[in-house]
Every structure is written in structure tokens, then in C-alpha cells.
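Read from first to last, the chains carry the letters A, B and C; within each, the first residue is number 1.
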Amino acid sequence: MPISLGELAERFGCELIGDPDVIIDHVGSLSNAGPGALSFLSSSKFKKQLSSTKAAAVILRAADAKDATTAVLIDDNPYACYARMAAIICPAPTMTPGVHPSAVVSATANVADTAHIAANAVVEDNATIGENSYIGPGAVVGPNCVIGNNCRLNANVTFVRDVTIGDRCIFHSGSVVGADGFGNAMTEEGWVKVPQLGGVRVGDDVEIGSNTTIDCGAIDDTVIENGVRLDNLIQIGHNVHVGEHTAMATACAIAGSARIGKRCMFAGMVGMAGHIEVCDDVVVNGKGMISKSITEPGAYASNFPIEPVRDWNRRVAQFRRLDKLMDRVSALENKAK
Amino acid sequence: MPISLGELAERFGCELIGDPDVIIDHVGSLSNAGPGALSFLSSSKFKKQLSSTKAAAVILRAADAKDATTAVLIDDNPYACYARMAAIICPAPTMTPGVHPSAVVSATANVADTAHIAANAVVEDNATIGENSYIGPGAVVGPNCVIGNNCRLNANVTFVRDVTIGDRCIFHSGSVVGADGFGNAMTEEGWVKVPQLGGVRVGDDVEIGSNTTIDCGAIDDTVIENGVRLDNLIQIGHNVHVGEHTAMATACAIAGSARIGKRCMFAGMVGMAGHIEVCDDVVVNGKGMISKSITEPGAYASNFPIEPVRDWNRRVAQFRRLDKLMDRVSALENKAK
Amino acid sequence: MPISLGELAERFGCELIGDPDVIIDHVGSLSNAGPGALSFLSSSKFKKQLSSTKAAAVILRAADAKDATTAVLIDDNPYACYARMAAIICPAPTMTPGVHPSAVVSATANVADTAHIAANAVVEDNATIGENSYIGPGAVVGPNCVIGNNCRLNANVTFVRDVTIGDRCIFHSGSVVGADGFGNAMTEEGWVKVPQLGGVRVGDDVEIGSNTTIDCGAIDDTVIENGVRLDNLIQIGHNVHVGEHTAMATACAIAGSARIGKRCMFAGMVGMAGHIEVCDDVVVNGKGMISKSITEPGAYASNFPIEPVRDWNRRVAQFRRLDKLMDRVSALENKAK
């Protein structure tokens, strides 16, 4: 939706340096933007691109304004300001309410008139779909699920059963919510399946990535609080509890009954053992292994960056001779006494 | 299904301490159970919850009985006993046989009268669906697949082609079985695809997690033996062989032609290289890297737990100076001679 | 398709030692092949199987021919030669053009007459499906997607929107392409979603594994160049650029705006941080962590192989005492001065 720089500045409370009548009709990265595009500078690292960008205007911090060669919108948090403006300039496609003739909706389901059930989607018994919510092509909403208002379940999402989500949630394609947790009891005849009887409860404003899996609880529910963001291909085990505004990047795996606090940030490929806790405001670097509870906020790590194979193999060999090295040092100490 | 404590004790051969006429109608965790609920204590770690639980009865080991304040059912394996009793108290929903009108079943497929093919499922040419088996909404059973009796393929499961499974198997939503393995031959013009021509053979009583992938064999079949349990988001490469009752937690990745013995247990995020073997009864801790064959049963590990970033970075720097440290120790040794 | 050894040798320019009239009608592994089967020896490691194989003929390098007891086809690259011959001997099943009555195709979509749209597939507005391309059961091709000629999107694949792919591409079941990238701006009220407005551009001859996810770009497009091969359960973040003929094994995770060169090979479970670059011809071993740009071709690693838990735990404890060890060595050095 085209909008003038002046109106953007006024709506979002930014200072504008430049012509308020210039019309913005799309967004662009600093390097590829053209006339009519709004761009942003969120990190001074990319400041040198300010001199060459062809964007119509750039959102940036006051300290970076002097380096700009374009109109600027000044904001303390340029990335968030960009996010909000982009949502106005490039609104999501409008959705036509109604149930596609090829969709299958149970007679006992309760679908709001303003909801959209897309082609070949399935809504099973006693499921509820809220106002303005979208169930994409091939998506399945299982028995007793409750979808709030203004939610999106994109194509081929599966809610297995007994999943309750709040308002304004987004689930990306291929995500699976409410499948059985991994509960098995060993016996002399092999594994016995432990019935997985709990559900999944998800708050408001949650976004879940493609092919991410969130298992139902074994007895009580698995819980995802308000504002949580999970990237693609993440595993959330049964009875995990994820606190408000916690975000995880791709391929994290959280084992059953783990409890994660609020505002945590896990980089990609972090693993967390079951039945332990991470307190609020914990950051874990990529590939970190959380094997004990963390009680102090802060940043944690356990990953080794790659090195050329020859160097790496030498280091591993040295690592394996550490006990001998310690013995040699002890021997030297004894001699030196 | 409501059942009396006395009947539970008799059916499962437990000793009951308490009133046999008390009716159990659901299950509960020790901390959240209420009247009418059956709970269990599988680890003495949680024994202190025995004094406060409001459960009607608790399954536990004889040694823990004296600490109970409720009726108790005594069993040597409380978790397995709970699993079996919970399956009676909370039975799976009954399934209506038949093919949903929106499902598409090939004229050459062979579907048992007692099977259920759900809405928008697809059963392709020459596929066989056994007695009492359930094919969920949006699931696809590809050409020449054979599904045994009493199996469940949940919503949006995909069996690509030539997958044969035994009886009482469960495949969770989004799992993909029988897709092409990763076979590529390098040439001067780039990669040439190696046709993937084998199938997948799965035994009885196997359970496969959500979004887990099991590739077809390149020439011979990929094999999953009886009683195997795979959690979510696991990769099983072409021609892998997984032995009976082996269990893997989430996000393990097993490369092609790897062979894994019986009763192995891999924690989450374990990786295994191709064309190697792991013998029976091997346990691998979370994030372990199996790069050579293992011939001795036992527990293995290669993961570093997280530490505060400052500590961790110092250690990595020291690790990289290990060769210098070794040189310094050698110099001291020469001097001390 | 049955074919004589003589014809195979002629078509692919191999030297044949053996009877040219022998008919080959299937392929087999050295250990399991029977009469009529073509097999191959790509690594001398398996040379001892040459003496016992029952294959009709084996493709191998000239140097290995003297050990063969069967007819042989001699080629410098036996694996690639096998791949090409197997594609002739075991051709993919032929595909009937047409749209299945249960598929839902938008009136504004453009589907080639020679394409096949399978049962319960969905093709949305303004999508284009090229000649001889196959859209499998339950697959969804979202708005504005463009599928080239001779492509396969297998069952339950999802192209969310604005995905453009070239010719001869294969996407395996459960893969999700074009879903929103993980873009979130932190504010005092929690995360604000950053609209993900770019698309995905994929070249020719690309193959993408089951349940792999490739996100759309944030502003500009995510790009996968010609001939790229991605295994199962891989994550490609928004605005990643993967160069020609690069291959990644299962469960790699590439963070946003990473740039990977041509002909790279990543083993399984490699992680790569965002906004960095890997040059052409880089090999990364399994579980490697790429946290800085790589500018030199070569092989890199950062994984520790598993050891028995007792040994491993001792090493980790020693690792954590490295600073003390360094202090002790320094003290000895001072004393020895």
C-alpha cells in the first residue's frame, strides 16, 4: 500500500529528514533498493552501504543519520520500526472467508463465519476455528483442537488432537503439534508404549516454523507461552514448558519435561536434556548442549568452531594425551621440589 | 474406562495396599492428580511428592511403599505397569471402519473392510491396508506399500512407495518413509543422480515420530526390525539396518548403510557415519558423534556441556595452544635431564 | 528395461570384457546380486566381494578388472557409470498426464497439458506447472510459484508462495519451500514479526530431500543454484545463497544470509552461522560448526568422536583444568630459569 514518508513518520513517531511527500510503495535491502523503496540500517556494520543505496528513504538511528545520502526516518530501534512499516506497506494478502468445497469439516466442528478453510483441509470432530483464522490447503485440525482468532495454519500443518492456541498465532507448513510424546517403558519383552494423554497449550502471538514438532504432554499439557518464536525443524518434547518471548533458532531439540524461562534465546542446533530448567534471560550459542539446569542469566556456549582437518585432528590427538601431559607435569614438579 | 483398584491389581498381578473398591477413572502426575486418578512413582528422585499427592492410588516399587500416604499398587517396574494400566483406563478412541468419501483409493489397492481411510487420504496403486489399520487425514500410501494389521499412519504421513510394515506399527504425522536416499555420483558435469531402487522393510510394534524420515534403499532395502522406537525429526539413510528394540531420541541422523544392533539407545542429536556398525546394547549420550564402528557394548559420549561464554572461550583458546604447551613441557623435561 | 551388455558398453563408451549378448534386466549390490543383475565396484575397499558376487557383470576401474570373476564393464568413474546405466535398466514409472478429479487447481493457474497433478494436490492462484512435471498427492503449490519442465514435487511437498524452480528438479515428500524466514525484532513489548517478502529461486537439476525447509527471503530472494543436492531435514534460512553443485548431507542448518560457494560438500549435521561466507570447494566434516567465513578451499572439521563415557568424562575434566596446568607449567619454567 503506497504511503508518504510524512505519514509514515507521523504514524510511527519517527523524525523525518527529507521530503514528506515522497511516496513509498515497497521495501528493499540497502544494496538492492530502488526508487520508491524503504530500507533500514540496523547495524553500523553495514553503514558504508548508505552512500550507494538507491532507496527512497532509510530508517536508522540518530547517530547514523549524518552518513545518509537519502531521506531518513530516525528511530531508536530501526529493525522493529522497519518491521512495523513493512507490514503497512506490504500487507498480507486479504483472505476470503468461507470453506472451500473440497475441505472436509466435521459436523461437530465450530468454524467462525469469518474463517477460511482452504482446499483439501480437514477439520475434525469438536474442533473450533476462531474469527478470521486461516487453515491452509491440506492442513489438518484434529479432534478437540481450539484455534483462536486471527491465526494462520499454513498448508500441510497438522494439529493432531487437543491443541489449544490463542490469538494471532502463525504455524508454518509441515509443523506438527500434539503428536504423541516419546514415552516408552523398557520390559523384558521390549518397549511398552506409555499412552500420551495430555494436550498442548499455546498462548497468543506465537510463531512456529516449518516442520517443527511440538509433542502433546504425557499426562499434563505441553505449554508454549505468549510471544514465543520457534524457527524451523525444532523439537519440543512432551511436557516441555517454554516461557514468554523465548526464541529458538533452527534445529534445537528440547527433551521432555524441560522448563525454559522467559526471554531466552537459543541459537541453532542447541540441545537440552529432559527434566532440567533454564532460568529467564539465558542465551545459548549455536550447537550448545544444556545438560544441567542453568540458574544464572547470561550467555553460554560449548561449540568448537571448525579448523582445517589436519589442525583439528592434531588437537584431538593432543586432547587425548592430556592425562599423559598432566603426569609429565607432575613428574617435573616432583623433580623440582 | 473406570475400573476398580482391585481389578487392576488382579489383572496386572500387583500387590494392592488399600481399598479394592475404589474406582479409578483417569490418570494423573503425582503433583497434579486428583481423586479418581492413578499415578506412579518410577524414580525415587520424586519420592517426596508421595506425601502431598492427591491421587487415588500410586504404582510404585515395594521399597517406596512405606512413604506413601495413598493406596498403592506394588510392581517391580512401575513405569511399565503404569503404561499398561493407562492403556486400559484411557483407551484410544474407537475407529469406524470405512473409506471417507473424500479419500482417493486406487482400484488396484487392497483395503481391509475393517480399516479406516480418513478424509483426503490417498492410497495408490497396488497398496495393501491390513485389518483395523488407520490411514489418517491427508496421509499418502504410495504404490506397492503393504500396511499390516492394527497400524496407525497419522495425519499427513507419507509412504512414498514400496514400504512394507508389520503389525501394530504407529507412524506419527509428517513422517516420510521410502523417499529416495541421498545417492549422487560426482562427474565433471556435476552430480549424477543414482537411482534409488530399494524399498523399506519395517517389523512389528515399531513406532516412528513426527517428521522423521526413513529413506528407501539404493538397491537392497532399508530395514527397521521389530520393536524399534524412533522419536521425532530423525533421519535414517538408505540401507541402514536398525536392530530390534533399539530406541533413538529426537534429531539423530544415521548415514547410509550404517548398521545398528539390538537394544541400543541413542540420546538426542546423535550422528552416525555411513558404512559402519554399532554392536548390540550400545548407549550413546546426547550429541555424540559415531565415526567408527563400535564393537563393545557400553555407554559412549563426545559432548561438552555448556559453560558461560567467557569461560568457554578461554578453554577453546587454551585448547588451541595445547601443542605449544606440550613443547614447553618437553623443553622442561630436556632441561631437567 | 532389459538391455545387453554389448549395448550398455557401446552407449556409455565402456570397455566390455565378457559376452556382449548377456541380457541385463535389473541391478544388484555385489553381495546380493543374482543372474541378470548389473553391479558395480566403486571403492577398492569392497574388492574382495568380486570373487563371490553372482552378478552378471560388474562396472569397475581398469585396475580392479583382474580380480573380477564375472563379465566387467570398465570405466574411470564406476559409480557415475552405474548411475547412468541403472537409470536405463530401471526407468522411473511412466506418468499419465492430466489433473486428478480430486486435485484443486486455481482458475488462474497455468498447468501444462503434459503435467500430472495427483490426487488431492492443490495448485493455487497464478501458479505455473511446466511440461511433464509431476505434482504428487497432497502436494501444495502456492500462489505465484513457477515450476519448470520435467520436475517432480512428491507427495505432501509444500511450496508456500513465490517459489521459482528450473527444469528437472526433484523435491521429496514433506519438504517446505518458501515459508517465512525467522525474522523478529525485539522490542519492549516482545518480538515484532518482520514481514518476509522475498521469494525462493532454484536453478535446474536440483534435488531437495524429505522434510527439508528452504525459507523465502526477507526482502531479496533465497537462491539455490543449478545442480545443488540437499539431503533430508536440512534448514536453509532466508536469503541464503547456495552455489552450483554444492551438496549437503542430512540435518545441516544454514542460518540467514549465509553464502556458500560452488562444489562445496557438507557432511551431516553441519551448522553455519548467518551473514558469513564459505568459498568454493570447501568440505566440512560431520557436525562441524562454521562460525566464521572460510576463504581457503579445503577440508575442515570440529567434531570429537565418541569414546567410552568414563574416558570422555575424564578428558572433559582435564580440559577444564587446562588453565591450572598452564599455570603449573609457567611456575616450573620460572623455577628452571
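The criterion applied here is as follows: a contact is a pair of C-beta atoms (placed from the backbone, for glycine too) under 8 Å apart; a residue touches a chain by one contact, two chains touch by 3 or more.
Here the structure is a predicted model, which is why all the values come from computation and not from measurement.
Enquirer: For chain A superposed on chain C via Cα atoms, how large is the rotation, as a multiple of 5°?
Expert: 120
Enquirer: More than half overlap in residue numbers between the two sides of the chain A-chain B interface, or less? Answer same or different.
Expert: Result for this pair: different.
Enquirer: Starting from the mean Cα coordinates of chain A and chain B, work out the distance between those two points in Å.
Expert: 25
Enquirer: Touching at least two other chains at once: which residues of chain C meet that condition?
Expert: Residue numbers touching two or more other chains: 102, 120, 138, 156, 174, 211, 233, 251, 269, 304-305, 319, 322, 325, 329, 332, 336.
Enquirer: Once bound in the complex, which stretches of chain B touch chain A?
Expert: Result: residues 27-29, 32, 77, 79-80, 82-84, 86-87, 90, 92-93, 100, 102, 118-120, 136-138, 154-156, 170, 172-174, 205, 207, 209-211, 226-227, 229, 231-233, 244-245, 247, 249-251, 268-269, 286-287, 303-309, 312-313, 316, 319-320, 322-323, 325-326, 329, 332-333, 336 of chain B touch chain A.
Enquirer: Name, in rising order, each residue of chain A that touches chain B in their complex.
Expert: Chain A reaches chain B through residues 102, 104, 120, 122, 124, 138, 140, 142-143, 156, 158, 160, 174, 176, 179-180, 182-187, 190-195, 197, 211, 213, 215, 218-220, 233, 235, 237, 251, 253, 255, 269, 271, 273, 284-285, 288-292, 294, 298-302, 304-305, 314-315, 318-319, 321-322, 325, 328-329, 332, 335-336.
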